Amino acid sequence: MTAPVLTVDGLTVETTEGQRIVDGLSFDLAPGEILGLVGESGSGKTVACRALMRLLPPRAMSITAGTVTLGADELTGLSDAQMRKVRGRRIGMIFQNPTAHLDPVMRIGDQIAEGVRLHEGVSRRAARARAVEALRQVGIPDPEARVDSYAHEFSGGMRQRAMIAVALACDPEVLIADEPTTALDVTVQAQILRLLMELRDRKGLSIILITHDLGVVAQTCDSIAVLYGGRLCERGPKREILGRPAHRYTEGLIRCQPTTAAGTGLLDTIPGQPPTLGDMPEGCRFHPRCPAATALCRATRPGTQPHGPGHVAACHHPATLKEPA
Amino acid sequence: MHRYRFVLFRPLQFLPVIFGISVLTFVLVRLIPGDPARMLLGTRATASAIEKVRAQYGLDEPIWLQYFYFIKNLAQGEMGRSIVYKTDVLKLIATRIEPTLVLVLGSVLLALLIAVPMATLASRRRGTMADQGVRVVSTLGLGMPSFWIALMLMIVFSVNLDWFPVSGYGRSVSDKAVHMVLPCLTVALSLSAILTRSLRASLIAQINSDQATAARARGLPEGAVFWRHVMPNALIPTLNLLAVNIGWLIGGTVIVESVFAIPGMGQLLVRGIFSRDYMVVQAVAMTFAVATVLVNFLADILTVAADPRVKL
Amino acid sequence: MSAPAAALRLRIFPRFEGRITLFLGLAVLLFFVLLAVFAPLIAPYDPIYQDGTARLQAPGWAHPFGTDNFGRDILSRVIWGTRVDLQIAVLGVIFPFVIGTTIGTVAGYFGGVVDAVFMRIVDVVLAFPYLVLIIAIIAILGPGLKSFYIALALVGWVSYARLIRAQILVLKTADFVLAARSLGYSHRRIMFRHLLPNALVGSIVFSMSDTVLVLLGGASISFLGLGVQPPTAEWGIMVSEGQGFITRAWWMPTFPGLAILALSFGFSLVADGLGEWLEGRK
Amino acid sequence: DGVLTIGRVSDSTTFDPIATAQNLDFWVFMNVYDQLVRVDRTGTKLEPGLAESWEVSDDGLTYTFTMRDAKFSDGSPITSEDAAYTLSRIRDSELSLWSDTYTIIDSMETPDPKTLIVTLSAASAPFLSTLAMPGTAVISKAGMEEMGEEAYAENPVASGAFTVKEWLRGDRVVLEKNPEYWEADRVQLDGVEWIAVPDDNTRMLKMQAGELDAAIFVPFSRIEELQGDANLKVLLDPSTREDALLLNHENPALAKPEVRVALDMAIDKQAIVDAVTFGIGEVANSYIPKGALYYNADNLRRPYDPEKAKEMIEAAGESGLTLDYMVNAGDEVDEQIAVLVQQQLAQAGVTVTLQKIDPSVTWDTLVAGDYDLTVNYWTNDILDPDQKTTFVLGHDVNLNYYTRYENEEVKQLVADARVETDPAKREAMYVKLQETAKAEVNWIDLYYSPYRNVTQSYVENFYQNPLGRFFLEDTVKK
Amino acid sequence: MKRPPLMIADDVSVEFPVQGGVPGFSRRVLRAVNGVTLQVRPGEAVGLVGESGSGKSTLGRALLGLEPVTNGAVSFDGTRVSGGTRAALDRLRRETAMVFQDPYGALNPRLTAAQAVAEVLEVHRKVPRSEVAARVSELLELVGLRPEHGTRRPASLSGGQCQRVGIARALAVEPRLIVADECVAALDVSIQGQIINLFMELREQLDLSLIFIAHDLAIVRRLCDRVAVMYLGRIVEEGPTEQVFTDPRHPYTAALIRAIPEIDPDRPLPATPLDGDPPSPMRLPPGCAFHPRCPHARSECRGDPPPAERTEPGRRWSCILGPGTVAPLTTKQPETDREETP
């Protein structure tokens, strides 16, 4: 195995009120790997990724523990100026809602060129050429003409492509994609996912793909990390997790995902509601909804335990083990 | 470009507004009790003299006929004759329009020069003492009557420091500039308070906006994010607020003009109202109204130019 | 490590943002309300009593805020003026608020011709210089506070109508309105039970800052001599009358001026605080 | 330089002498035009203007004026033709606001360029005085006919000490010395600028900042302060101004003379003078202003006695009397007087409710009689007492200045005094009128006050005569 | 025995005016629904699928009389409701209800759950005033909420709970037909199932007809008897769910089914995802609206008129291709046959 490009160790994000939104998150990302970060709404996926970029909303939350290492640099220890050199240049980021994340009054080409000129100090002309190139790479037809378009002149899928072009303009090592397809139609979603995979293949990019759709993960990712209530439940290679889920939540998630397969009768469900920031359960955060919960689960936070090759889970009673009496 | 097609057709929509204004001014002026003839003749007037003046200005005609003449004249580009000044109203307005224009434009400019840095400071240091300071200053600016601000400025800058003349408009361009500093500042102080608040709010919204976050994620330093992505987006609603408030602003010049003895339209209008100089009031109000409509039209064009999304 | 330090540094404000402003503002308003209610008990003198022997006295023990050119006690006049000015601030806003809100709601909800007609009227009123229109209406009705309120109502509703209409236009496309329609609710119910309460927040915040404009409008009207009847104590009149004495008896315009400023400040704080608090609650 | 800048409330409206009734315009007319007959500095004598001399026929119907050698600013001579044109214009023109005063002129003849013969339809003692009114400022017939009325009203051909160099409407009138003026040697100033500064405070600040050479109308409240300024001279020139409290005699209570007398006693005029004018005014005892022709210095001064007044009102069966007091909105002095009167009458058991009214409506209200009390002031236009007497007591068209005071005897006396040509007899008649008016309390005389102007200390000989005119011929800027 | 249809849409079109035309001269319109014919039988669940902007919501609203129909007719239970009498509309309102996508947006943020439900009962006088409270708790219980949830406002309920309130409110009118517009799209996967199950149970208990709008075909397959696929305002295919899924006749349907991500590590993304984006409804291409994106497009597809509707018993579709031409969906099998280079 090659050395990971990105290592996250015990990352913890707290609000100014002291609530832990992300709690001791650890994972690493190999070169050319696509990691799927899965979890329900509010489980802290977005916050975790913004923490990697040190782009947390100022004065609302901050990183209180843990380290993030990119190559040789520990990002948590960098000065703001140093961190800016990382953003865009070494880690690119794309977002769920492309419309809101593009500046409506600036031309697409200029938004791409902006990062290039900043990081590489190239001329205006060269930056523009790079912008055209970036748009071509993400499959925008007629990029020479489209660099001068505004975001609202693009369709949803094209906007998402443009965002990817902005993020990739400086050839970053890592791309963080925060639910890049949730706002898109299924047919367009497939196009974008395909594009990400191609880029990975072509450029050896490492990608963190945030999503709540296990289907997307199954079709695009190499490995999976599952978040619940701000904590990591389980992570490992895709086939491991989907085939042999250890954590009860992961298992439930897979079970209740509707499939296009024919079927009758009621769907499988996970009972109850996801926890909210205000009242996080003690112990294992999943225990109120877990069929296998015991007193242990209610009292103690489970530690991560290896569960297979590259597969760890934080569960007192992993599914593949024998159920407690 | 078809985004600008509204420039051709929008003026059609102005017609009902301008018609409405003409009715409103006409009716309003005539509803005000008090007889222009008597105002003109003063206390020692005789009944026959009053009758004579009324006939001279057609005030003895039925009101609908007066309106008809008013519209008819208007269609011919005439506004009638001033009862007090005994001259063509348009001629009067022509001499008075420049000071008011300078006052309004100068105030807006000055207000922006005050508001933009203040709002920038407040929004970029949100929640700090600087922010609170800006809030206090802008609240105070808003809470002071303009005639009071004017007096203070005069005492400090004209009488004590002798930097600017107390009042008047001046003759040459540079002279006018010097004369208009304090009046513009007076209006600008309260205007900038409003603008600062509005701009601060939209700046804060934009600073926390997704597109700004995206810009930061590209590695842009905060300054670049602010000036290239936050400010342009935040300025548009503030400029529109300014356009909507133009009527308020012009109203404010009434007092400032009389305090600073600026021979502008506001003074003309107030004297017109107090002396029941119907023609003058009608003409000035119409001029103001058309100006307001034009400013909003301009704001539309500006918005369309500044924001590629907007289509009108 | 810099991160925890940063967290500590930043923890001071956000929690109270909005609320502290709101409370401060409400405290200022409460202070003035108490002043108004207990004016007869608090004021040391009769506000209109003219003491020929004590004209233009500088602030001192007997008259903390000094006296005016009639020998009236300025402190007492400022205190009694609270009654009038609070009334101006409240009544000057309530009528435009109610009228504008109703019209804006109806116009925004129904759209079409109703909307077009009302919005043209709004355009016409807005195209008119605000203060001038008020002066003209007061001239029609005769000077005095009642005319001022009527003028404000006739002119001021426009802002509220615009504000509410814009809100309604956005809200009426919301699903809960569609839901209400699909459930067969009447237009009246949808407008006033469902739309209006949700559209009101912005206008309430605006109305708080509008009070400031109304107070100043009142002062300007007093400056032009169209305000309250003498010898009623009212801050705007006191400032404009006191102006002539600025170099000779600075206390005459200054104290009522400060009172206007303080009350405006209170309303502004409430407006800011309310805005931020409601924003934060979303 | 020798240009005198004067700050005043408002700008001129016209230069057509017959088309205005405003003091604003009159002030400038007196700089730009000369008249046949002028009022002197003291406001008590007529002196020759463009008419070198004049003769009145014994029946008082024919006036023969001899014109002096004088020129208009365009260099053309001022002839009797011009004078006749001026008078016929004010009598006959569509534009004239003064026709009524001059219909007494029956005919005019100009046998030669130096002689003007005016024939009246009836004898009139005050006729010569009316010739000194600003409306009769002599204009150039040729000029008027050539330029047309409108152009002339903007840029007149001057017959006076100055010509109009520039008129920036709403801002200022710029005058320049008229070298053709017959008394040009007397004029020291190179020019005059009349500058509109509407706000009183601003005007005074402009004086303090040295931006004006002179400013007219100093608020009472600022006088003491400005007097303390070494750079400034405050000029308190005697005036014919009298402030009086009008009573509406149509009010049943006010129709009773004893009630009116009681009110007169209930008002402490000295207190008003002290509070409102800061002691600068003087308590009035007659409707004829102090220092004016035929003023009766011995006229009755009723003592201030609220107790007695209260008793009298009760005796008249009017206890609990309530009166509406009309206040001119925006007039500071007016409001102050109102407040004082209210407080003083309260002590006599009279409730006064103040009613603020827009100044432009005041006249309508007065005409309609919708008031009980109100303060008004009067300044004489002419030096003869006839004008004011007619207006105030003579049952003229204005209901005795809207008080609706009626006394047939007085009316007759006013008419007789107008045509009486023996000055001694005339004086006796006017003394009688003053005494009667006081006895019957047609209105309540409050106070006389001087004109209040201020100049920089380097300005000399700047004055306003009692009729309100500014003659700048002698004014010097050192 | 088949019962007569409860709701019939006959050649329904809905147009919206759009800005950009010259005021007072030309009027530009957007045809969001374009000649749609659809029937819903009592007790039947019809799925309406299609891409964003294809007019699903607009059709749903038009069926409930919430959007004026510009062309065609909608009738409910034998009575014409589009352009019909007030009474017909009132009756429609009393017998139909709608459930919305955004669980929060569909509830008035100022009313508690119980108030929202009670309001319906009061307006329609479903029960005497005194029994409102009891009926409210009954309804809340029916959708699986505890009474204490009734006292909360939407902001303090979770998305799934809000959606249940929305359903309870819809049930309060005792409708015969519910239109559910993407009612689970905004919910987390673990909650989606709960709501879908609720619908299935309610259908069973109350003999409800259901028009279920979604773009998630997997759910539609579970819940619906029949499915209609919309593309740019038209129904391009309609038929029994199973048949449509296993044997789609329209290439768009096939692409839609293929594009759905499946939790199956062995099934990769479709190698040839549908190209391009749906064209703007303002500028519909001539002929078959799908042809610019259709891998099978021929020259006939490009010219007017659009392809005629083809029918089989219980099925209809608008495509010139014959049955079996577009790939059928075979679940759990890698689509090796289509695995070509892009």
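Order of writing sets the chain letters: A, B, C, D and E. Residues in each chain are counted from 1.
We adopt the following convention: a residue touches a chain if its C-beta (ideal position, glycine included) is under 8 Å from a C-beta of that chain, and two chains touch if they have at least 3 such contacts.
Bear in mind the structure is a predicted one, so any value in this text is a computation, not a measurement.
The chains touching chain A as well as chain C are B, E. Note on connectivity: the fewest chain-to-chain touch steps from chain A to chain D number 2.
Note: centroid distance chain C to chain D, computed from Cα atoms, is 45 Å. Inter-chain centre distance (chain C to chain E, centres taken as mean C-alpha positions): 49 Å.
A separation of 52 Å divides the Cα centre of chain A from that of chain B. Centre-to-centre, using mean CA coordinates, chain A is 31 Å away from chain E.
Residue positions 201, 358, 360-361 of chain D each touch two or more of the other chains. For chain C, residues that reach two or more other chains under the stated contact definition are 13-14, 139, 142, 224, 243, 246-247. In chain B, the positions touching at least two other chains are 32-34, 127, 151, 155, 274. Contact residues on chain A toward chain B in their complex (touch as defined above): 50, 53, 55, 57, 59, 81, 84-89, 92-93, 95, 97, 100-106, 111, 114-115, 118-119, 150, 152-153, 163, 166-167, 170.
Here chain E touches chain A in the complex through residues 51-52, 158-161, 188-194, 196-197, 200-201, 215-219, 221-222, 242, 245-246, 255-265, 267-271, 273-275, 277-278, 329, 331-332, 342, going by the rule given at the top.
Residues of chain B touching chain D in their complex: 32-35, 38-49, 52-53, 56, 84-87, 92, 95-96, 151, 154-155, 158-159, 162, 165-169, 258-261, 263-264, 267-268, 271, 274-276. Chain E meets chain C in the complex at residues 61, 64, 66, 90, 93-94, 96-98, 100-102, 105-110, 119-120, 123-124, 166, 169, 173. Interface residues of chain B, counted against chain C in their complex, comprise 16-17, 20-21, 24-25, 28-29, 31-34, 127-128, 135, 139-140, 142-148, 151, 155, 190, 244, 247-248, 250-255, 266, 269-270, 273-274, 281, 285, 288-290, 292-293.
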